[in-house]
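Structure provided below as structure tokens; questions to follow.
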Amino acid sequence: MPADSFIHQCGDMVFQLKDEAVSLVSFLGDVTAALWEGIRHPKRLRWKDFLFYMNTCGPDGVPITIMISALMGVVLAYQAEVQSHKYGADNFLPMVIGCTILRELGPLMVAIVATGRSGSAFAAEIGTMKISEELNALQTMGIRPTRFLVVPKMWAMLLMLPLLTVIGDFVGCAGGYMVMRSELGMPLDVFLRLTRQGVAVKYFIEGVLKSVVFAYIITMTGCWRGFRTGNDAIAVGRSTTSAVVTSILFIVLADAFLAKLFTVFYGW
Amino acid sequence: MNDNSKFKLGLFIILATAVFFAALFILGTMDRFKEKAHISTLVSESVQGLSVGSSVKYQGVPIGNVCEIMIYPTDNVIRIDMEINISKFKVQQANHAPVTIPIETFNEHVAEAVKKGLCCRMELEGITGGKYIELQLDKNSEPPKYDIAEFGLEYTYVPSQPSLISDLRGSVTSILAKLESIDYKGISDRTNAVLDSINERVNSPKFDETIDNVNAMVTEARKSIENLENLTNSDIRDKIDTISKNVNTAVTAVESLTKSVEVEIKSIEFGKIAENFRSFLSTAIRTSKTLDETLFNVDNGVDALIEFIQYIDSDPASLIQGKQKPKFDDEKGGKKR
Amino acid sequence: MPDNITSPAPAANPNVTPAIEVRDLSIGYGSRVVLENLNFRIEPGQIVTILGGSGCGKSTLLKHIIGLYKPLHGDILINGRSIVTANEQEKRSIMSEFGVAYQGGALFRSLNLAENIALPMEELTSWKRDEIRKRASEKLALVHLDGFEEYMPSDLSGGMIKRAAFARALALDPKLLFFDEPSAGLDPLTSDMLDNVIMEIREKTHATIMMVTHELPSIFRVSDRVIMLSAEKKGIVDDGSPAYLRDHSNDEYVRTFLSRGGTYKSNSTEPDHA
């Protein structure tokens, strides 16, 4: 059978997929073990790197997060307002906006922005380190690359993404309120009261918890793609792209799974 | 990491954490600091549509939420506990802003109000089939069905009244029972027997009047049924009462009709009016037809009522919204009567 | 040891544990064998160069020896301990006994020079911060980079980066050093300077040094011994002191290869300490 036949290629793809899956799972194990080690020996955490990544993942991402979240709130409110106004259900709007943003869109959009900003940066950084043999250097120094490179990024993301999500939620709702105010003349206290009536605190917590999972996914996928970078400069570009695509795919899958999980276990 | 970055990071963390706690506070925790009173009620009907978190309103004002729903299987009773936000209950003080009453006072007020007829009732919340609990003073309310001591409730007990739906269902069912109790066959048989027995006999001038009465009665019954179809939320209970009365009247009328037919026929002195025999015969045949028509109409009325109650069962929201337009062009399905 | 070996370099002392011992080693990628049946020992204190044409597998061999890749067959012993069969923890312990300077320096760009050199000390020792700082400065002084502690790698020239990489390899005072193409891509003067640094390191630390390079002047200057590889034969073609191999190798290829640096005058097999 020729090597470029369709069947051959399909078989090849299956093997590649298997390799990827095996590599991802072992990487997940490696990272989790390194995180656990970090918890047991906090002194061994690279605090300087941790602070650096906290800065790049958190405050540096605030402007874009605010912009995207506010616009998302505005668009959502506009669309919902057009539909619900027909049925005279304007009073339901703050609840619809609040629930949608706090439970779904807020964490999701912030995670996608973070994937684009941080996930790709992680992949590019580690990929470049691999090409310049820095990973080899780490290994031959007897330092576990996951502990050295992934753990500070992971902790930074785990802390910063939920905070970004909180800001995204807030700004998203504010965007929604702007539309309510301009289109329906709804006063702030009414908006707040209606939001409080329909939006339970558990929805907010659900969104924040989701963002913790998303942070794990973004860092894991970004770093994993970085470690799997080939040995040429194009490979870095490829792994960056792939990190973003894979991350978003996993985030959406996790989102669906978590939505179901929260509903099943907590009746949310 | 330079000082500028450190400041930025610190500021970000402080702000985001502040927003986080503010959101927690606004969305939920704020309520935790409010003083809560509890009341309980017991119902025997289905609580479909009611859930933990459903609103509790006092004459339309939201005052709390359902906090627990539990079943006592031995008594086949459902217990509903409600959390009441007593900050809604104020006392006016001279030259001062109104102040919230203390829990003890609230509980005393509730106990007092229960004696005066305070009861709770499940009501439909909107188009979704969800329900809320409405507390209201109803002087005509039935006395509590349960021996409260048996249940050992730790909260103040407020008796429950059947919900609008079960109330409505009860009323319509009793109307149906009364309508069904009419012995159509008996009437028909008796009429036929009478007709047979007065074969070749004379007629009475009062007869047409009676027929007119029957027709008037049927028209009234029909009107009642139409009213029933065009019910709106506001006057539903009144109308049901009226219908109930109308049907009662109708039933009485039908009964008296039958009696009067018998009496009429017995009282007629057949021999004396032999010359009118021919005309009597034709009238009798007409009477028989009209009576058949009347009974057919009453029968239709019963069918319409049955259909109506089924309709309410399948779509309780229609009580709030009124009758829905048929979806798409399903004219046949939409207009069943 | 291949039959055609001209001069098996300084005689092996069976009583001394070799710094590196390679036994029946076959290496490659997947099913492609690059080198097979390699056998050699490197005694403590030697400077040995792995030499060969481009693509013969020199760097690959080095990466196998330092434990980055798993061989297809055979064993590699570092100070008597197998790096092939070692588990993760043992491997890390073996790795901490040697220092590696990579071709491009492989300095961490997010850290300054002092931090780069301090990194292995911070990670693998319990030394105090002051001591680490002092030692890092010493190492930098050893490669003539004192005063550059706060510089970021991106601010340095190629030669400085290489020297900094040497300093980092020396951080834990290892007795075994690996240099991958130390003078590749540098001008002759910088290259010369690096050679001097290598010899100074050997003098001060008495470390065993294994290099991969094809800079002939460097080889003649610093190497005690050359292990010549060939892509065609997929193995060692000759092994001996560079000058001796150039003049007396049984293999034509080795003589021709080393004669490219023939203009370099060397009268002895000992490296020139000039």
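First chain written, first letter: the chains are A, B and C, and each begins at residue 1.
Criterion: contacts are C-beta pairs under 8 Å (C-beta built on N, C-alpha and C of every residue); 3 or more make two chains touch, one makes a residue touch a chain.
No experiment lies behind these values; they were computed from the predicted model shown.
Trainee: Comparing chain centres built from Cα atoms against the global Cα centre, which chain wins on proximity?
Mentor: Checking distances from each chain centre to the full centroid gives A.
Trainee: What's the farthest chain from chain C if centres are computed as the mean of the Cα atoms?
Mentor: The most remote chain is B.
Trainee: Please compute the C-alpha centroid of chain A, do the same for chain B, then give the distance between them in whole Å.
Mentor: From the centre of chain A to the centre of chain B is 52 Å.
Trainee: Using mean CA coordinates as chain centres, what's the chain B-chain C distance in Å?
Mentor: For chain B versus chain C, the centre distance works out to 94 Å.
Trainee: When the C-alpha atoms of chain A and chain C are each averaged to a single point, how far apart are the two points in Å?
Mentor: Comparing mean C-alpha positions, chain C is 44 Å from chain A.
Trainee: Residues touching two or more other chains, restricted to chain B: which are they?
Mentor: Residues of chain B touching two or more partner chains: there are none.
Trainee: Hey, what residues on chain A touch two or more of the other chains?
Mentor: Each of 52 in chain A touches at least two other chains.
Trainee: Residue numbers of chain B touching chain A in their complex, please.
Mentor: So the residues of chain B in touch with chain A come to 1, 5-6, 8-9, 11-13, 15-17, 19-20, 23-24, 26-30, 53.
Trainee: Within the complex, which stretch of chain A touches chain C?
Mentor: So the residues of chain A touching chain C come out as 49, 52, 129, 132-134, 136-137, 139-144, 148.
Trainee: For chain C, which residues count as touching chain A in their complex?
Mentor: 63, 66-68, 92-93, 95-96, 98, 100, 102-110, 119-120, 123-124, 168
Trainee: Which bits of chain A are touching chain B when the two form their complex?
Mentor: Touching chain B from chain A are residues 48, 51-52, 54-55, 58-60, 62, 162-164, 166-167, 169-170, 192, 195-196, 199-204, 208.
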